[in-house]
Amino acid sequence: MARKISPAKTAFWTVIGWAAGFVVFFPILWMFLTGFKTELEAYSTPPKFLFFEWTTENYQTILHQRDYLHYALNSVIIAGGSTLLALIIAVPSAWGMAFSPTRRTKDLLMWMLSTKMMPAVGVLVPMYLIFIWLHLLDTHIGIIVLLCLANLPIVIWMLFTYFKEIPKDILEAARMDGATTWKEIVFVLTPMAIPGIASTVLLNVILAWNEAFWTLNVTTIDSAPLTQFIASFSAPQGNFWAKLSAASTLAIAPIVILGWFGQKQLVRGLTFGAVK
Amino acid sequence: MGKIELKGVEKTFGNVHVIQGVDLVVEDGSFVVFVGPSGCGKSTLLRLIAGLEDATGGHIMIDGVDVIDQPPAKRGLSMVFQSYALYPHMTVRNNIGFGLRMAGVDKAERDRKVDEAAALLNLTPYLERRPGALSGGQRQRVAIGRAIVRQPKAFLFDEPLSNLDAALRVNMRLEIARLQKSLATTAIYVTHDQVEAMTMADKIVVLSAGKVEQVGSPLELYEHPDNLFVAGFIGSPKMNFATGDIAKKLGGVTIGIRPEHLDLSRERGAWEGIVEVAEHLGSDTFLYITVEGIGRVTARATGEFALKVGDRVWLTPKPEHIHRFDAEGRAI
Amino acid sequence: MATKRSQSIGRIAVAPSVVLLFVWMIVPLALTLYFSTQRYNLLYPERSGFIGFTNYTYFVTNPAFATAIVNTLVLVGSVLVITVLLGTLLALLLDQPIFGQGIVRLMVIAPFFIMPTVSALVWKNLLMNPVSGFFAWIAKSFGFAPIDWFAQAPMLSVILIVAWEWTPFATLIIFTALQSLDLEQKEAAEMDGAGAFSFFSWIVLPHLARPITVVIMIETIFLLSVFAEIRVTTDGGPGQATTNLAYLVFQQAILNSNVGAASAGGIVAVILANIVAFFLVRVVGKNLDA
C-alpha cells in the first residue's frame, strides 16, 4: 500500500487482533503456566495467573518417574520412520508422475488422494487382526508401516506439486548436456527439489506425531508414542493437572515450533493444492 | 563436421499431424533459420532434431548416421533454450562446464575450456555468480557459453532472443551471428521474427502447419517467393495483395506488390486512394491507403513524404516487381 | 517430455506406490467385507460361520446406531459452521493493520498443531472442570453457577474442543486466499467508488467462496472420523451421548471384540463417507470447477 494507514486505525485493529489471538491461544498459555505449579496450586480457586510458586517438580516427575523420554523417543522414531519410508516410495512415484505424465496420471493422483478419504474405522478390524496374526501389535515396525501408508497419498501429492514446479526445460538442458537419467536426478533434479522435499518432510512429521487413531489402537507400551502417554492421563490417580500440563507442554512443543515454520506447507499439503 | 539431413521426418500427436514429411539438408557450418507463424511446428522440428521428442517417422542423419533412435545425450548437439534453462543452484562456471563434467572431462581441462568460453562471451567477471544474480542478457550469454563449450556438431537455438528487450535483442543478434561465423559450427535457429531470420540466415526454411513452404537464401525468398504464404510472410511491412479484375489485368489470379515497390504521386498513377493512417519515422514514411477495388494498401516512401490523413494519392506498382500467383497460390 | 524411453522409466517409478496403495486399500477393505458376513467374536472364536447380512441388521437396528449417526452429523455440521464463521472472521481480522501481526497469527494458528489428546484433556480438566476449571471460575465471578460441561452438555463440550482445534486450519486457508486478492482489484474497486461494505460483499466474499469450499470439503473428511477426543474425555458417554459412528465401530471391535459386527459397522462408515463425499462434490464442489 502506497498510502499511509492512520495510526488510530492501526491501534484499533492491534487491540482487537491481540485480544482475539490471546483468547484463541489462552488454553495453551494456561496449560504452559499450570505445568510450573504444584498440584495444589493447579487446582486452587481463584486460579493463579503469574504469581504462584514456580516449580519444576512436575517436569522432573514426568521425566524420571513417568518415563516421558521413552514415549518421546517413540514419537520421534514413528514420525521419522514413517516419513522416511514414505519418502522412499513417494519420490520415485512423484517423479514418474510429474515428468512422464500419461493420460491416466491425473486420474491416478485423484485415486491416491481418495484413499486418504476413507474412514480409518473401515479397516480397523482387519488391520487389528492382521497385526495380531503377524505379531505386530505394539511394535515399532507395525505402526511405522501403517502411518506411512496412511499418509502416503499426501506425501506423493505434495512432492508431485513441487516437482511440477521445476521447469521442464532445465531438465531437458541437462539431457542435452549429456546427462543420463540417473545423473539428471542426482545433479539437477534433487538439488532443485530439496526445498520441496523439506517442506513435505515437515508436514508429514507433524501429521505422524499428532496421529491419534492408529497410535491409540495398535500401540500399548513398547512402541507407544506421546499421544498414548497423554491419553493415559484420562484415567488418572490423584491430582494430575500440573503433571498433565508439564507432559503436554513437552509433547507439543516440538510440533508447535515446526508448525510455525511450516504454515505454507500446511496450506499446500492439506488443501491438495486447491488454495495457493 | 556437422551436416544434418532430414528425410521424410514426421510427428503426430494423437490424431494431429504436427510435422508432415519434412525433407531438408543443412550443410556443415551454415546458419539455417526455421521461421513461421505460431504453431507451425518449427520448435517441434528443432526438438525432434535434438532428440527431446520422438519422431513418428522418417530419418534424421547427422554426418551420415541415422540418429532417430538415439537419446539427446548421444547426438552431440547442444541447445540454447528460450528461457535459457540455466541450473539455478550452480555457479556460472558450473553451468557452463556441466556438459563437460557429464562427458567425464577432468577438472583442470574443464576449467580451461570454461575460461575460454567465458572470455569469448565477456562472462569472466561473473563466473562465480549464480544465475539468479545475473541480468537477462548475461543469462543468455551463459546459456550460449554452455552450448559452445562442448564443441558440438551443431548449435540449436530455440527463440533465444524472445525474452530480451528490443535494444538487447539487436546486440545479441549481431553477437550470435559473429560467434557462429568465427566458430564455423552449424547452427539451426528457430524464430517467429522474420527480421531475425533475414539478417542472420544463410538459408531460411519457411514452415507453415507442419510443412516446408520454401527453402532459400533470404534474398531468394524476398525476390522470388514460391507461393502466397511465403510472399506474405517475408518482408516487413507485409506485401500488398490484390485479386479480381485488377489482378487479372496485371496477369495473375492474385498479384502482390511490396510497399517499397510502389511509386507515390500527388497527381497521377495506376491506383487512386485516400490516406487512412500516416506513420512518420523520419527515415521512412509508411502510408496506409484505402484503394477502391483492393482495400488497404501499405506504401513506403523514403524520407519525409508530407501527406496527411484524408489526402488523395496515386500509387503505381513498379512493373518489374509485381508478383503473380495462380488460383492455388503458387507463383507464376 | 515425450520420449518412449522416459515414459517407461516413469511407469516403473510409479509402480511401487500404486501397488502398495492398492493393496492397502483393497486388502483390508475386502477383509472387512468378508468379516462383516461372518459370525466372529474374538472372545468366542469357536462360534463362526457365514451369517450374511445379520451383522448389518444387528449393527443398524441397535438403538446406539441411530444415535451415533445423529451425533456424527451434529458433530461434523456444528464444527463446520463454527470453524467457517470464526475462521472467516479471524482471517479478515488478520488482514487488517495489526502491530505485531506475525505473533498474533502464530497465536491463532497454534491450536492446530496440538495433538488431539492434549487438546481434549486440557479442555476437559483445566478449563471445563466444574470445580477448579477456568470456566468455572469465570462463571462464579459473574455470579453464575458453573456448568458441568461433560455431564450437562457432553456433545457441546466435544464440539467446542474439536472446533478449537480446527478453526486455525480454516483461518489459515481463508487468510492465504485473502492475501491473494489482487491489490489492483482493490484499487480498481476504489476508483469505481465502492465503499468498504460493497467491496466486501461484491468482491471479497465471492473470492472467499473457493477457499471456504475447500475448507468444508477437507474438514468434513477428517471430522467424520473424530476419535481421540472422544476416547480420552467421555468414552462415548454419558450413555451414547457422544458416540459417533467411528467410536461405535471402535467399541464393537476393541471393547466387545465382536469382529463381525464391527466389520459391518466399518462398511457402514465407509458408505456414509462416500455418500457425504458425493453430496459435497455435487453441492459444494461446484465452486471449485477452476
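Order of writing sets the labels: A, B and C. Residues in every chain begin at 1.
Everything below uses one rule, namely that contacts are C-beta pairs under 8 Å (C-beta built on N, C-alpha and C of every residue); 3 or more make two chains touch, one makes a residue touch a chain.
This structure is a prediction, so every number in the text was calculated from the model and none was measured.
Trainee: Considering only mean CA positions as chain centres, point out the chain farthest from chain A.
Mentor: Centroid comparison gives B as the farthest chain from chain A.
Trainee: Closest chain to the overall C-alpha centroid, by per-chain C-alpha centroid: which is it?
Mentor: Chain nearest the overall C-alpha centroid, as shown: A.
Trainee: Just curious, how far off is chain C from chain A if you go by their C-alpha centres, in Å?
Mentor: Roughly 16 Å separates the two chain centres.
Trainee: Roughly how far is chain A from chain B, centre to centre by C-alpha average, rounded to an integer in Å?
Mentor: Using C-alpha averages as centres, the distance is 54 Å.
Trainee: Could you work out how far the Cα centre of chain B sits from that of chain C, in whole Å?
Mentor: 58
Trainee: Indicate the residues of chain A shared as contacts by at least two other chains.
Mentor: 172, 175
Trainee: On chain C, where are the residues touching two or more other chains?
Mentor: Chain C, residues with two or more chain partners: 1.
Trainee: Touching at least two other chains at once: which residues of chain B meet that condition?
Mentor: In chain B, residues 51-52, 71 touch at least two other chains, as defined above.
Trainee: Which residues of chain C touch chain A in the complex?
Mentor: Answer in residue numbers: 1, 6-7, 9-14, 16-18, 20-21, 24-25, 27-29, 31-32, 35, 90, 93-94, 96-101, 103-119, 121-123, 125-127, 131-132, 134, 136-137, 140-141, 164, 167-169, 172-173, 176-177, 180, 183, 210-211, 214-215, 218, 221, 224-225, 227-228, 231-233, 245-246, 249-250, 253-254, 259, 262-263, 265-267, 269-270, 272-273, 277, 288.
Trainee: In the complex of these two chains, what residues of chain A are touching chain B?
Mentor: So the residues of chain A touching chain B come out as 167, 169-170, 172-180, 183, 187-188, 191-192.
Trainee: Please give the residue numbers of chain A that touch chain C in the complex, ascending.
Mentor: Touching chain C from chain A are residues 1, 5, 9-11, 13-14, 16-18, 20-22, 24-25, 27-28, 30-31, 34, 42-47, 89-90, 92-93, 95-97, 99-102, 108, 112, 115-130, 149, 152-153, 156, 168, 171-172, 175, 181, 206, 209-210, 212-213, 216-217, 226-227, 230-231, 233-234, 241, 244-245, 248, 251-252, 255-256, 258-260, 263, 266-267, 270-272, 274-276.
Trainee: What residues on chain B touch chain A, complex-wise?
Mentor: Spelled out, the residues of chain B in touch with chain A are 50-52, 71-73, 77-79, 81-83, 85-89, 98-99, 102-103, 146, 150.
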